[in-house]
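One chain, chain A, appears in both complexes that follow, with chain B as partner in the first and chain C in the second.
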Partner chain A sequence: MIRRLRRVTPFQVILVTVFTALAAFMSLPIIFILNHAFKPQNELFLFPPRFLVQNPTLRNFESLILHASNATVPFTRYLFNSLIVAGLTLGTVIIVSTMAGYVLAKYQFHFKQLILSLITLSLMFAPETVGIPRYLIISGLGINNTYFGHILPALASPIAVFMLVGFISQIPGELLEAAKMDGASHFGIFTKMVLPLSVPAIATISIFTFQGVWGDVETSTLFMQEETMRTLAFYVNSLLSGLQNSVSGQNVAAAAGLLMFLPNLIIFLLFQRRVLETMVHSGIK
Partner chain B sequence: MGSITFSHVYKHYKGESRPAVNDFHLSIEEGEFLVLVGPSGCGKSTTLRMLAGLEDITEGDLYIDEKFVNYVSPKDRDIAMVFQNYALYPNLTVFENIALGLKLRKTAKHDIELRVNRVAKILEISHLLERKPSQLSGGQKQRVALGRAIAREPQVFLMDEPLSNLDAKLRAQTRAEIIKLQSDLKRTMVYVTHDQVEAMTMGTRIVVMKDGVIQQVAPPRQLYDEPANLFVAGFIGSPQMNFLEGSLVREDGRYYFLNKRMKLLVPERHYEHFAVKTASLRNCVLGVRPEHVWLKRENEEKDEPEDGFVRCVVEMTEVTGADSYVYVKLGEKTVIGRTEPETMYEKEEKLLIGFNMNKVHFFDEQSGVSLAAGGEEG
Partner chain C sequence: MQAKARVREARLYLGKRYGMGLLFMLPWIIGFAMFVLIPISWSLFMSFNKVQVAVGGFKYEWIGMRNYRDAFLKDNVFPIELITYIQEMLLMVPIIVIFALLISLMLNQKFPGRFIYRALFFLPVIFATGQVLSELFLQGAGDIPFLEQYNLLPLVEEYVGKQFAETVMAVLGKAILILWYSGVQILIFIAGFQTISPTIYEAVRIDGASPWDSFWKITLPACVPFISLNVLYTIIDLFTFPLNPVLKHIKDNMFKVDTGYGYASALAWIYFGLIFVLIALVLWLFNRSLRTRRVH
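On to the complex of A and B.
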């Protein structure tokens, strides 16, 4: 029996080969970004271009720092803004979305269906279509040039709520009822049961929320008129567009590209592990 | 402490035409082991959940210890519940699962430890305390769920089919343990099951429900010997009670049960019921349990069977070990009779069948109500 299970069918061979090839292909851009940042000037312009770096150097980063120190606002300020904004947004999105998801998934109240439909509906809007109303709201509230102005537009995350409603409705009702009988309050059930059991979903929304916020340029461009309130993504973006045709700028761009990419990778690896771990150990079948 | 009173309780789910629980009216004494039994969908869980406070009561009053509790939240009712699928907290260890209720009730830490360990010892799960629920077998999960309920030492235990996920052997074993536990703790227990064997062996009183309506409330013996209606008579007992339609006629001051195939003399003790239920006599149902059916081989010499016996044909025999049950054809009707396991009857063999008329029951065919049941005309 075991033998038969272990036997590799031709189909499996094909499957594994195809998926390995696919995975390798998907990872090419990542390998490219990693290598590109460490290429010396001459390798950057090599034709035909090479994927792998031959003589790795840190010169590109030196250039980036040099370039940044000449700017009106120090590089560290952008970095600080980005970290603050990404951190706060991530935290608040998780809090708001899990609470909304729990209530929408497990409680019965008036207009629940309407609210759910509105959330689903808002999933279909392209971000561009809400740009103007969003601007009106931000300036109406007078929160231009504040961190709050960064966070508020990202706070209402229909996709996160949508995912959490789906996930939390999978938690058996008896579990929450058992907690209720054990004496847990509504908030206690939320923090002691719903939150820990939703970790896989929270990890998932964390990944894409972080990526969205970290790479977001629009908020800095539209709502932040003061340079000191703008984020690293904005800086790198303007750097790249400013350097597009300059030969000497290419090395700065390569280093900046890696810098923008790395946090995404770290967050992804961090949370992806949690996703798998919790799925294995949670006992939810 | 721990007495419960349902006063004309109804539960209407939104969008359902029929109430899930219909005029549930019952008092449960403290320390009683009450079993709710009935077919699937008859409203057992709903009743239990209303008692727990997990479901609103549409109409009627609920009292625990004489206190009106319709609007009291579950955590303030001093009740613990064991769910059918255990509902253990998957993110907590066994210890934490059992301790959570105590922790939330602000029990002192050393006290929690003491109580959890004591409960674990009673249920023999001490070696599992550090595990997560996903690392337990079904029987072990069941024990943890029991432990979680016991540790809190509530006034009332509620259990909703707690044994239905266990295999037969484990079920019998856990059943005995729950009975022992209840008699040790002397707390009120309301236990839901759809298994009549479980109901008969566990309950000090049994409530039989059907379509949200209480059919009969009685101790197990009485439920078996004096079923209030056709439904209870058919539901309790395995194999089922046999039912034969016919009528009761009076001849020379005696009553006979009469149908196409048989004429049976009814013992006198039934007569007082017949006197007040004259309307039911024309169309009635005779009920007889398999153990009160007599089967014997025909005596070749006689042409006519002796009084009270009629001819029948063996359809099949079911041997359960201690007994065997013979299914015989009586006209169109199949009647089940219990015999000694040693007596073997052939298929298609012709037998004589008779009933122990001292043990039969009569029901009104229309309403199904037992003619022996007190009260007004069915």
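On to the complex of A and C.
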């Protein structure tokens, strides 16, 4: 132990100190969100505001659930919608994007270059600006007020395919050829080799996709007219914008904020080890 | 006869192979066409029209380039906001990329607990989008929540004097944004460093190069593709950031009665065109620098 400590140079000590300071600075918002949700009413309005909570309570969560159950749609319904939408979107995006990424990386076919350049181009376009044409298509297909209306717009994710193409092209072609020699079908190669080998990249796109879907209010605002089909993100958003100036709702908003943030954090902690692996192998060079 | 049959067989084989590729692509292509391609081209079409909501749908009236002209001549918010935002961007992009480069250089050193720090620096990425960020923005009643909430201004004033406090606060405010925006860039740089083989460093060290030299002569040139990727990523990230003032202006115009969706999509296309030009410029610059390096 002492020998290990002795090997630590002054340079390393400085590095660790600097990074600890920076890291503490970066984690301030998280600490703030966590503490804010447990503050009792009188602490929420302290001036100057405090980071840490003095007398933590669960009152905020209680009133969040009570507040919603008085309304027409119970809080659990929003949560259920969000979970269903996030789960289904995640699953379909992973399948659709890995399939596309696999053939784009390993096969030759018509329009391949066109598709690749379309992907890069569409990365630059902010989806907020095409809300109305999307609405027209959704209502044209007659899928507003269904879960499809939530899931389908997120299906063709350019970022996911972009990352997967880079990652899958690093899988040696000989490996796939060997599998073909041994009699594996196209589908067999895809499910038995490509999917397991690209797990790190899939983990990365899961983080991005989940974040996007979980926090998305656009589909709920534009495509859903029935309150029962809207998601938690929409509910929290309407709480926040409706309660900006009111005193009584602040505690509800604080609790809802934590609730929106937690799943992101959990998904991130689950998958973060894989993210770096993806970046190392994504073959930018 | 036989040759013909063989050609046909080869064609069939190719067709099968190509077909397999397209078959795997199909779900994605359908989704992409439906919800990205068609909406984007539709919005291009709308940008040349005056779009009004009428009974049972939209009413289009072809007005050519008038929306685009109005954006610069009639609108007294859009050009100013666009120019301010682009100025801000031109300042932020280099700072973010250089900051990410420095941090990732340090994170690439060997020190205890390196992995935890790497994870911590990626962490902001998970709230740099969506709900959490907008909630933080709302709570802070402005841009940087905890600077105001914690009331740092008197503290800063006390230490550096009143005349500098404003500047220090501005830099601090930006510092948080920079930290929050450099997660992915740091990761890309770290990944880039892994592609440089350690034997090169050993060789230069034996030849008597200092760490300073080896950074300028080896690490930096090898990182040019990653720097260009990061510059692109940062530009796109900042431009498509949903809370940015230009996009907000576009969204506000979407539901206004007198301007309508046609005008809003014209604004979006001007904005998109600018990003596109900027990105093309960056790509061209980096390609040129790569080519000149190869010639030498």
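As a working rule, the second predicted complex is superposed on the first by the 257 of 285 C-alpha atoms of A that agree within 3 Å, B and C clash if a C-alpha of one lies under 4 Å from a C-alpha of the other, contacts with A are read in each partner's own complex, and residues count from 1 in each chain.
The working rule: a contact is a pair of C-beta atoms (placed from the backbone, for glycine too) under 8 Å apart; a residue touches a chain by one contact, two chains touch by 3 or more.
Keep in mind the model is a prediction, meaning the values are calculated, not measured.
> Once chain A of both complexes is superposed, is A:184 in touch with chain B (first), chain C (second), both, or neither?
A:184 contacts chain B only, not chain C.
> Of chain B and chain C, which one touches more of chain A's residues?
After superposition, C is the partner touching more of chain A.
> Is A:174 touching anything from chain B or chain C once the two structures are fitted on A? First, second, both or neither.
The answer is first: A:174 touches chain B but not chain C.
> Of the partners chain B and chain C, which touch A:197 in the superposed model: first, second, both, neither?
First partner only, chain B.
> Which of the two partners, first being chain B and second being chain C, lies in contact with A:236: first, second, both, or neither?
Only chain C is touched by A:236; chain B is not.
> Identify the overlap between the chain B-contacting and the chain C-contacting residues of chain A.
282, 284
> Show which residues of chain C lie in contact with chain A when the two form their complex.
Checking each residue of chain C against chain A gives 17-22, 24-25, 27-32, 34-40, 42-43, 46, 58, 103, 106-107, 109-113, 117-124, 126-127, 129-132, 134-136, 138-139, 145-146, 149-151, 176, 179-180, 187-188, 190-192, 194-195, 225-226, 229, 236, 239-240, 242, 247, 250-251, 254, 261, 264-265, 268, 271-272, 275-276, 279.
> Would you mind writing out the residues of chain A in touch with chain B in their complex?
Touching chain B: residues 172, 174-175, 177-184, 188, 192-193, 196-197, 281-284 of chain A.
> For a test of understanding, state which residues of chain B touch chain A in their complex under the given definition.
That would be residues 52-54, 73-75, 79-81, 83-85, 87-91, 100-101, 104-105, 132-134, 148, 152 of chain B.
> Over in the complex, which chain A residues touch chain C? Could you list them?
8, 11-12, 15-16, 18-19, 22-23, 25-30, 32-33, 36, 48-49, 51, 95-97, 99-100, 102-104, 107-110, 112, 115, 118, 122-126, 128-134, 136-137, 152-153, 155-156, 158, 161, 186, 190, 207, 211-212, 214-217, 233, 236-237, 240-241, 244, 253, 257, 260-261, 264-265, 267-268, 272, 275-276, 279-280, 282, 284-285
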